[in-house]
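Chain nomenclature is as follows: A, B, C, D and E, assigned in order of appearance, with residue numbering initiated at 1 for each chain independently.
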Amino acid sequence: MSENTNTNTSFLNDAGNRALIFQAVLLAVVVFVGYYLFSNLQANLETRGISTGFSFLNEPAGFPVLIHLIEYTEADTYGRAFAVALINTFVISLLGIILATVIGVIMGLARLSNNWLVARLATVYIETLRNIPLLLQMFFWYFAVLAAMPHPRNSIVFGDFFINKRGIYSPNPQFQDGSGFVLAAFLLSIVGAFFIVRWAKARQKATGNWFPAYWASFGTIIGVTLLAFVVTGFPVEFDLPSKSRFNVTGGMVLVPEFVAVLIALSTYTGSFIAEIVRAGILSVNWGQTEASRSLGLPDGKTQRLIVLPQALRVIIPPLTSQYLNLAKNSSLGAAIAYPELVAVVMGTTLNQTGQAIETIGLCMLVYGSLSLSISLFMNWYNKRMSLVER
Amino acid sequence: MTDNNMALAQLEPGEEAIIEFSDVNKWYGDFHVLKNINFSIRKGERIVVCGPSGSGKSTMTRCINRLEEHQKGSILVDGIEMNDNLKNIEAIRKDVGMVFQHFNLFPHLTILENLTLAPIWVRKMPKKEAEEMAMHYLERVKIANQAGKYPGQLSGGQQQRVAIARGLCMKPRIMLFDEPTSALDPEMIKEVLDVMVQLADEGMTMVCVTHEMGFAKTVADRVVFMDAGEIVEANTPHEFFENPQHDRTQLFLSQILNH
Amino acid sequence: MTDNNMALAQLEPGEEAIIEFSDVNKWYGDFHVLKNINFSIRKGERIVVCGPSGSGKSTMTRCINRLEEHQKGSILVDGIEMNDNLKNIEAIRKDVGMVFQHFNLFPHLTILENLTLAPIWVRKMPKKEAEEMAMHYLERVKIANQAGKYPGQLSGGQQQRVAIARGLCMKPRIMLFDEPTSALDPEMIKEVLDVMVQLADEGMTMVCVTHEMGFAKTVADRVVFMDAGEIVEANTPHEFFENPQHDRTQLFLSQILNH
Amino acid sequence: MAIEFKPSPSLPPPSDSVGPVAWVRANFFSSPLNIALTLFSVYVLYLMIPPVLQWGFLDATWEGSSKAACTAGGACWAFIGAYFEQFMYGLYPETEYWRINLALILLIVLVGMFAIKAVNKLFLSIAIIVVYPIVAFILFSGGMFGLETVETSNWGGLFLTTLLGVVGIVASFPLGVLLALGRRSNMPIVKSVCVVFIETIRAVPLITILFMASVMIPLFLPEGLNFNKLLRVLIGITLFSAAYMAEVIRGGLQAIPKGQYEAADAMGLTYWQSMCLVILPQALKLVIPGIVNTFIGLFKDTTLVYIVGMFDLLGRIQAANHDANWLGTTIEGYAFAGFVYWIICFGMSRYSMAVERKLDTGHKRK
Amino acid sequence: ATLDDVKSKGFIQCGVSQGVPGFSNADEAGNWSGIDVDACRAAAAAVFGDAQAVKFTPLSAKERFTALQSGEIDMLSRNTTWTYTRDTALGLDFTAVNFYDGQGFMVRNDLGVTSAMELDGATVCTEQGTTTELNMADFFRKHGLSYVPVIVQKADEALAAYASGRCDVFTTDKSGLAAHRSKLADPSAHVILPETISKEPLGPVVRHGDNQWKDIVTWAMFVQVNAEEMGISSKNVAKIKAESKDPAIRRLLGAEGNMGESLGLGADWAYDIIAEVGNYGEVFENNVGPNTPVGLPRGINNLWTEGGVMYAPPVR
């Protein structure tokens, strides 16, 4: 009998068994809760006659979307509207990331500047923007700044450019016959530039003489393309914007919703990136700069060859999470009529079809994969950078 | 400073000076760190600088390649005046190699890349040539087999030898050492000092801040003792150790040799 | 291992063993770190374990209170078999005190709280009683006056003495020491060794990983030499130092004694 | 024989290397690039400061009852004055403001008591974490002790913002600790459940979670079982910040040396004893700055509840902007909101930096 | 079932708009009023005999259906258009129409636009998640006009965008246009164009699948229309109940039999509605009638007997 109780208690006392039991219980709880929620959901959908499934994606949407980079009309399907919104989200995230990085690097360096005034200005910028909610900043750029812009009739005009409450208008190039030739020349000159850079590198290796390859290739691209234009007799016509009854029509337009979201996202995230850049640069030991200087490297090369590569290793991980944040924050565009994923899918589509589960699920899936791909890319990049170290 | 040492700090007329401090003064904010330094170094001379901590040894050395600015007086290196002129500074830095206490190798570059960086970018040397030269110096400091590794993979002594080789790769006419062995373990100190002795034997002009008195006795042409921003005494090692003129020097030597 | 040492690793029949390793094997992943350890320790015996770095000394010691799991063979401590049974592990840990190389005091607790933590929470002792006991042990290691301070405010030697007192507070029947002096400056080593000698004199069972051969000679009943996960030799200190049986032991001793 | 060494006197530095002139030269005009930057900055300041001063102060109108009163051409701060109470308390009945104020004072007093030595910290913590929320809840919602009931839909303004932020952070804290411990567990199922939870939440925007909380939770519950929208949003916010909190705390746990775990084990402490007595106290202290930063982030993120139809500070301002009497005061409203958020967030970030500095030195030996 | 739920809670949770004067709007003290609000109050009066037993959840257009589906609210009364898809696929049931409306456009006077046909190239602001969004698209497509749609989350913000000049045109139901116009700084500077581009029957909505609750909400509305037809108002209802000999009226007011039983309500249910909320005519006049800031004519919302389309099935 005593043996019996002994094995009994020792079964429960065994560390491995305890872990097993605990995990089994946890798993059971998770499964049960999941099942409970799911069965409730099914029952609720059933009794209320809510349609389910993704067949709505093939039905005509019937609503317009302000910004669509692929062909889209009201007669297209919800699926296509979804694609339009997806592209809008991608575009704003990508542009935001680029712009935020540029702003962040400039502001981060400015805060480190030995010009007192510049450093202070950068500090004020950083500390102001990062401590104010992004949504508020979006509202500010959309509602407050928009209100201060002139009416289309009184547009601010720079040549063929117009700025007013309806957006920023610019000429829209329309390519005519012969522009294929120009395009080919352009592409060729890029290839040429590539070879110039390679040749310059090889020459520098061999003779040590430095050739300003980047400037040269830049010049080549511009020059060759211009030449091609001249030769073909400028096969481009511009669709110029012009004032019409209500609006400026024609041309290309950046609508205020887009501009406001882009400015807000990039300046806000830029203020965080600035701090990351600053911390990264400060993390590089001053001795590295001194050693580089005492080797005779000028300050520019010291920064480029010694400080930046080392700072990048420190910068990249937190930078990744800022990029992730920016991509997620692009969803706030919904609040100011930028037709991104949340606005189009969780807003209009959900409303017209009533299928909350499917639409919200779709959105979460997209953001999940967006986050995942950014972090995968950054991890890969990070690994490559840190491989260099050891 | 007595006239006696003064004579040793200044050169005889007609002698060729490669580094010349005249009335050099430097302040950090309000703190007067170098006071009226007058001192000349002959070509090929090996100078050891010693003195208590905070006496301005590093500062003086770093003025030679303008890692620090002085505010008064003039410093001539190889006939070039040290001033705000970027061209001058660049020219001088090409001629002066420096080795730091904490090595300051570039951790993201291999040993070979550490060595070829400046020859390629500053001297515009073809890569191949630079690498050959680098390997030559690495052999001289006896770590040619480590060329492909990264600094983090080497021991302190090896790293410091790489740092010396890196300095040499610019073919400088002057080498500055700022306490090159003080961050090293005892076994490694020897490795590094051996390399430095060898360099000295080749007739390189050297200015070396160190407390390795054995090294000073073996290789120095003159030993300079600093305190409170001044050169207190400058003399041949024999005179300096056997017959220090100043009570301050005596005190310092008694402390350092007992240790 | 020769029969001669083997005899010293095993006990005579009838002798009471407080720790018994039989055929103990342990792997880290694929790495075989303990190989067929057979070893018994008598009650009250003082064992010193030595051997080159990586030979498995720490691992073996940490198996005694199950900070590491072994995968084959059996370990009996005080008659209790070491296995997954939480009750057994708890019981053994109450009986075995351990002192680490890096002290591992809890920095957020005062010295007194460090000492009373386990008595209060594991032994369920009333707080007052625990504190009295703690003060008693602190007096024994001669730092009773520091009871209210935090570990960060003590020197290394003092911290290690606190760690010993903390181990003693559980009134263990066995104390394990894993290189208790190797992180200390020379002056502090003595403080700590003194306390350990005193403990040994009181007849506590001790297993001590150390390279302090002086300590081994003075207090050890047996010295165990390990290499590559095996016990190479186990013998009385006299035999061990004067007449090592194995050439590996001889080599090790020549290195360690010259140093 | 030996010559006595007298250090020469230190001289004052040349006038051109210290003092304001040298400072100005070094900071503003040390190189052509520097001069250009200086001029550029001055130009930026010239563009910004005078108009802002003019608008915000010199030409501002401070009192009035509608936009019509603001004739000076500058900011119409009268708008803020007119709506101030709504911005602070939302639609909470005016006669009941004292309840919110009282709760706030109570909280300040309680937290302030931490500074008093004689008070038992344990009881105080319990009072703050357990008793205070109950008292505050009764005060806020009423319906007991003769207090008039106030619907949660009338809670709003800065009051709601603060409530969301504070409850979110406090409630997410224990959950975050559990998740962090779970993520470091060596039990595969526990670990994967925690990892999946944390990473899923961190991958999606808060707005989707709020949306789920505000409209979808009831779909997953049996018919008839339903609870308050504020509560649902609070749950959403809590889950959201718990995932971030867990990562912060995990960082702290990782920073604790392995020896501490081993020492606790060797003493015979059980898992929970060693966590609660040894590891967590150290880990949490390390991550206070991280927790404050999470709080700042959450505090800013609470503005998103406006999108799901709750009227926090930003929501009230947005609503007030549509008042026909005050049309055209958008910038003033946003400036005020920005100012309030900025003061709070900036203050907290300075606080966290101060804590960081204190912890930095506190851990070292003197 | 919803009725049991509501009874046990003691109030009806009612989804309304976030502020459309005349339909549902909260004053500074948080008191709600409007036609839509009265629909909720009528239901509450029927269930509890207390028109105040309602709690309101202000919802934006895009939130409203989800809120109803999910059970967050018991009924939705938020100028919601009855359409085929909404009735069949969204898990909703429309009950009755409490306002017949049609979509229109509002523009600034100074644009000089007099007809919607002149809106080619205009920028149009509207609220997200409404039939408006779709009707507008249909209208411009049908007439081959180009336009720029700015679709804003909330009605107030859409209006603000219009007011700030982001758009030339603001579009929503005509009643809504009138209501929103009253919120602009200078209402007279804006004009509502004559075209009505859609049919917009507005009414309360409940969840699909709970017929009893649907009946209650439906008949609460019908009672009000019938009462107007019979000349019963909140002022005279007590007197009529006591004095009337008309069996139809006696049945309606519970003086005879118990018509409420089949709804699960008491005999006084209709009486309570009329006494506490009033008949349809009263509700209209109080909230949107010519004497209110919204100032809408009765128009087609008049009784069928008066030339309108308000027609309720008889209570018998």
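Quick notes
We take it that a residue touches a chain if its C-beta (ideal position, glycine included) is under 8 Å from a C-beta of that chain, and two chains touch if they have at least 3 such contacts.
Just so it is clear, the structure is predicted and the values come from calculations on it, not from any experiment.
Considering every other chain in turn, the ones in contact with both subunit A and subunit E prove to be D.
Contact with both subunit B and subunit C is made by A, D.
Compare each chain's C-alpha centroid with the centroid of every protein C-alpha atom shown, and the nearest one belongs to D. Of all the chains, the one whose CA centre sits at the greatest distance from that of subunit A is C.
When chain centres are defined as mean Cα coordinates, B lies farthest from subunit D. When the interfaces B-D and D-E are ranked by C-beta pairs in contact, the top one is D-E. Work out the mean CA point of subunit A and of subunit C, and you get 58 Å between them. Rounded to whole angstrom units, the spacing between the C-alpha centres of subunit A and subunit D is 26. Distance between chain centres (mean CA atoms), subunit C to subunit E: 84 Å. Taking the mean of the C-alpha atoms as each chain's centre, subunit C and subunit D sit 49 Å apart. Contact with two or more other chains is made by no residue of subunit C. Shared contact sites, meaning residues of subunit D that touch two or more other chains, fall at 215-216, 219, 221, 223, 307, 318, 321, 328.
Looking at subunit A, residues 44-45, 47, 143, 147, 334-335, 356 sit in touch with two or more other chains. Pairwise, the chains that make contact are A-B, A-C, A-D, A-E, B-D, C-D, D-E. Residues of subunit D touching subunit B in their complex: 2-5, 7-8, 10-14, 17-18.
Looking at the complex, you find that subunit B touches subunit A at residues 65, 67, 86, 90, 93-94, 96-98, 100, 102, 104-108, 117-118, 120-130, 150, 152-153, 166-167, 170, 176.
Listing the residues of subunit E that touch subunit D in their complex gives 4-5, 18, 26, 29-30, 55-60, 63, 66-67, 69-72, 153, 156-157, 159-160, 163, 182-185.
Only residues 67, 91, 93, 151, 153-154, 214-219, 221, 223-224, 226, 229, 307-309, 318-319, 321-322, 324, 327-328 of subunit D touch subunit E when the two sit together in their complex. On the subunit D side of its complex with subunit A, the touching residues are 26-28, 30, 34, 37-38, 40-42, 44-45, 187-190, 193, 200, 202-208, 211-212, 215-216, 219-223, 296, 300-301, 303-304, 306-307, 314, 318, 321, 328, 330-331, 334, 337-338, 341-342, 345-346, 349.
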